[in-house]
Amino acid sequence: MSHHIVEVRGLEYVYPDGTPALRGVSFRIEHGESVGIVGANGAGKSTLLLQLNGCLLAKKGTVRIGDFPVTRETLPRIRRSVGTVFQDPNDQLFMPTVEEDVAFGPRNMRLPPDDVEQRVRRSLEAVNAVHLRPRPPYRLSGGEKRSAAIATALSMSPDILVMDEPTSGLDPQARRKLMDLLGRFTHTKIIASHDLDMILRLCPRTIILHQGSVIVDGPTASVLADRELLARSGLDLPLSLQVCPVCGKTAGMPPRNDG
Amino acid sequence: MVRIHAAVSDVGALDGLASQDSPIHRLDPRAKIAVTAMFLAAVVSFPKYEIAEMMPLFLYPAVLSAVGQVPAKTLLRYLLLASPFALLVGVFNPLLDREVVVHWGSWAVTGGWLSFFSILIRFVLTVSAALLLLACTGYVSVCAALNRFGAPRLLTMQFLMLYRFIFILSDEASRMVRAHGLRSGSGRKPTLRVWGSLAGHLLLRAYDRGLRVHAAMLARGFDGTLHPPRAFRWRWADSLFVAGCALFLALVRFGHVAERLGAWVLRVSG
Amino acid sequence: MHMADALISPAVGGTMWAASLGLAAYSARKLKPEIAERKVPLMGVIGAFVFAAQMINFAIPMTGSSGHLGGGMILAILLGPHAGFLVMFSILAVQALFFADGGLLALGCNVFNLGFWPCFVVYPLVFKRIVGEKPGQGRVLAGALVSGILSLQLGAFGVVLQTVVSGISELPFGVFLLFMQPVHLAIGVVEGVVTAALASFVWKARPEVIELADDSKATGSASMKPILLGFAVATIITGGLLSWFASAHPDGLEWSMFKTSGQEELDMPDRGVHSSLADIQERTAFLPDYGFAESEGAAGSDETGGGATAEEPDEQDDEKWPAVSGGTSLSGLVGGGMVLLIAGLVGVSLRLIKKRRQ
């Protein structure tokens, strides 16, 4: 099923002001995989994600989504396969109501109104946000905005979900709910985050970026337990693997949420 | 800072009123815009010394605000908040127009006073009409209806985008002002140079946000086509409302209602 | 400085709305090829920025008072004239609806006064010419200062014209002008300095923000259409104004004439000018004279905004006052008072009924 594969080879990207952001990144993600992208601030995570939906186009190296390379001509197709959830949900909710935001994608795909309606309903159901449908975005809480933003991406029926810091700014319960939600999705998931505990739970595979290069690409269990590796990459152990401040013991690997 | 917060929460509150349910709320927004336009035209078309014949027009805000569940307090606050420019200019009328026009008992009333009161009445009526439109329709529906009336889609889209981002930008602005206030000694206003920097940073952040929103739009397939808002359904109640109000306004404007009523009352009471 | 509905006549309101909507449609069409680019969200956020920035007051040095940003110029600089105009339109609409800062009928006037002049006239013809290809700090300041002063002078003049032509206010043209223009000179200077401060900051920090705005490729050769339209509108209004001056109303001109010469009207030689200008006025009048009101001889005066009857000057005294007194006769007052009471009662009872139902 080649249409779900994400393949990046030798990706290099330099910002217009000369700052190099990505220096030869390569990896391959199969259909249905759940991959975490971690790294210190400035490591290139967000830049990498923007390459995957064609918002940034690399001069050197290739990005392939399924059968198609990411080029200016293939952008419409790419954007239908790759759904993006940005770091700040406010950037994604720009229509007067949640309903119109969720319908924005399908409408741009020129789908007939009935199809649009069906997709809106299904996406909102998938994120448990049907009651938010008529609300204006500025009336939503942080967690509600996050759910609505995810729905706006889901309504385009993407095969691949790319998410930038999905748990940032959420209160503990909203975070828990989001993690449960994401655990139920069967899409290919590529999640960039500082929330290493979430990555531990949701992503069996982790890629660490450091100064624009891939430092390691492997099973989360070993990658995120390697204290020295993490320190070299400007990171730290996930909280759940650190010593418990109350009882002094180490918790060990938590059970994975991929049901 | 308090000012920014208060202003924005006013905006939110007014739009909150619009999400209520009432016979007025259920009318088609196009009907309400049309009636508001007719009402405003009627008010300002009265000659400048008219007072008595404008009185029947008060029925419009009275009825609409009651049926539309707009609290009288909100209406009053809105009137007080409204720009007093008209009143400031109107205040000169009694000073400039001193020709005595009529005698009421022992009072000699000048044209200037008449026109000043007329201005006052116009002020109250027109400002109320604006509030009622907003509170019974909602900003978003008004924009959509304007689009249906033929306003350029880019313009109405801009109305909506602006509204959407006002909340975010005002939040950022008030946080900056608060941060500045905490470090500037007893809430002094920023100097021009500091303002330039504050506003400049705000602008850059807004600009970056604009770029991010653009990326989000592109990621969802945006290609420059602006889709029109969903259509409204015009019902017979809407036609009735528009026709009824048009009739009422025509009657008030040209029918000398006050004069006739007063004459009849005087006759009947001997 | 925002025009209000209470001072406006239907003719002025309608004309300015038509002008503003026409300009909006023109701008939207001009922007069509660029919509897919960043303009749409940028217009939204930068508009919101101006709106928010207007609420941050700064201290004006050497005076006790504070000021705030107007925004027309900076919008043109950042977004170009067409997008800047549309954004100004939206900001003024929000202000009119939510804060009653300017009336809905007067929105057309405000959009024209505060949007047309800075975006379509001053920005292309003045600012860009001064700043040229290589903006340096001095040039930006000079350009912004001159532009700020000019835009506000033009805008203030617009307000004066619209008020005087509407005829609801008694302020004579000259007096109003003498008050508005100097005040707005000061405001214009402040606006210029503030715009320059902002523009310089952005230019130093992120020059691409300003460069992006260049949607009219050639400097200063902006399309003449909106400018011509604007001047056409201004001419119509001025024409109406001049004829209004000439027609027989006790107005500022005659008031000052009366004061200076002790005469209410000038003599015969001016009859020719009077009647021909009055003719123009008749033809450009938006609403015909209230003929039936006059024939009734009762209430309803003949004085409205741009349109008025072409009376013979020496009959003016007789015709005017009976028309006014009609509306203020006893029966009128009684009736008016009763209707007001009725309106209040209706409102209150409706609310009580609603409460009872709930």
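Brief remarks on what is shown
Here the chain labels run A, B and C in written order, and each chain numbers its own residues starting at 1.
Methods note: a contact is a pair of C-beta atoms (placed from the backbone, for glycine too) under 8 Å apart; a residue touches a chain by one contact, two chains touch by 3 or more.
Because the structure is a prediction, the values reported are computed rather than measured.
Dropping chain C from the picture leaves the other chains, by touching, in one piece. Distances between chain centres, each the mean of the C-alpha atoms, put A farthest from chain B. Chain closest to the overall centre, judged by the mean of its C-alpha atoms against the mean of all protein C-alpha atoms: B. Centre-to-centre separation between chain A and chain C, using Cα means, comes to 50 Å.
With centres defined as mean CA coordinates, chain C is found 17 Å away from chain B. Chain B has its Cα centroid 43 Å from the Cα centroid of chain A. Residue positions 160-161, 163-165, 168, 209, 213, 217, 222-223 of chain B each touch two or more of the other chains. For chain A, residues that reach two or more other chains under the stated contact definition are 94.
Residue positions of chain C touching 2 or more other chains, listed in rising order: 41, 44. Considering their complex, residues 12, 15, 140, 143, 160-161, 163-165, 167-168, 209, 212-213, 215-223, 225, 227, 229 of chain B touch chain A.
Partner chain B is touched in their complex by these residues of chain A: 50, 53-55, 75-76, 79-80, 82-84, 86, 88, 90-97, 100, 104-105, 107-109, 136-139, 152-153, 156.
Of all residues in chain C, those touching chain B in their complex are 1-10, 13-14, 21, 24-25, 27-29, 31-32, 35-36, 38, 40-49, 51-53, 55-61, 66, 69, 78, 86-87, 89-91, 93-94, 96-105, 163, 167-172, 176, 193-194, 197-198, 200-202, 205-206, 209, 250, 255, 287, 290, 292, 298-304, 321, 323-340, 342-344, 346-348, 350-351, 354.
On chain B, the positions that touch chain C within their shared complex are 3-4, 7, 10-11, 14, 36, 40-41, 43-45, 47-56, 58-59, 61-63, 65-67, 69, 72, 78-79, 81-83, 85-87, 89-90, 92-93, 96-97, 99, 101-102, 104, 109, 111-112, 114-115, 118-120, 122-123, 126-127, 129-131, 133-134, 139, 142, 151-155, 157-166, 168-170, 172-173, 176-177, 188-200, 202-204, 206-207, 209-211, 213-214, 217, 222-224, 226, 254, 256-263, 265-266.
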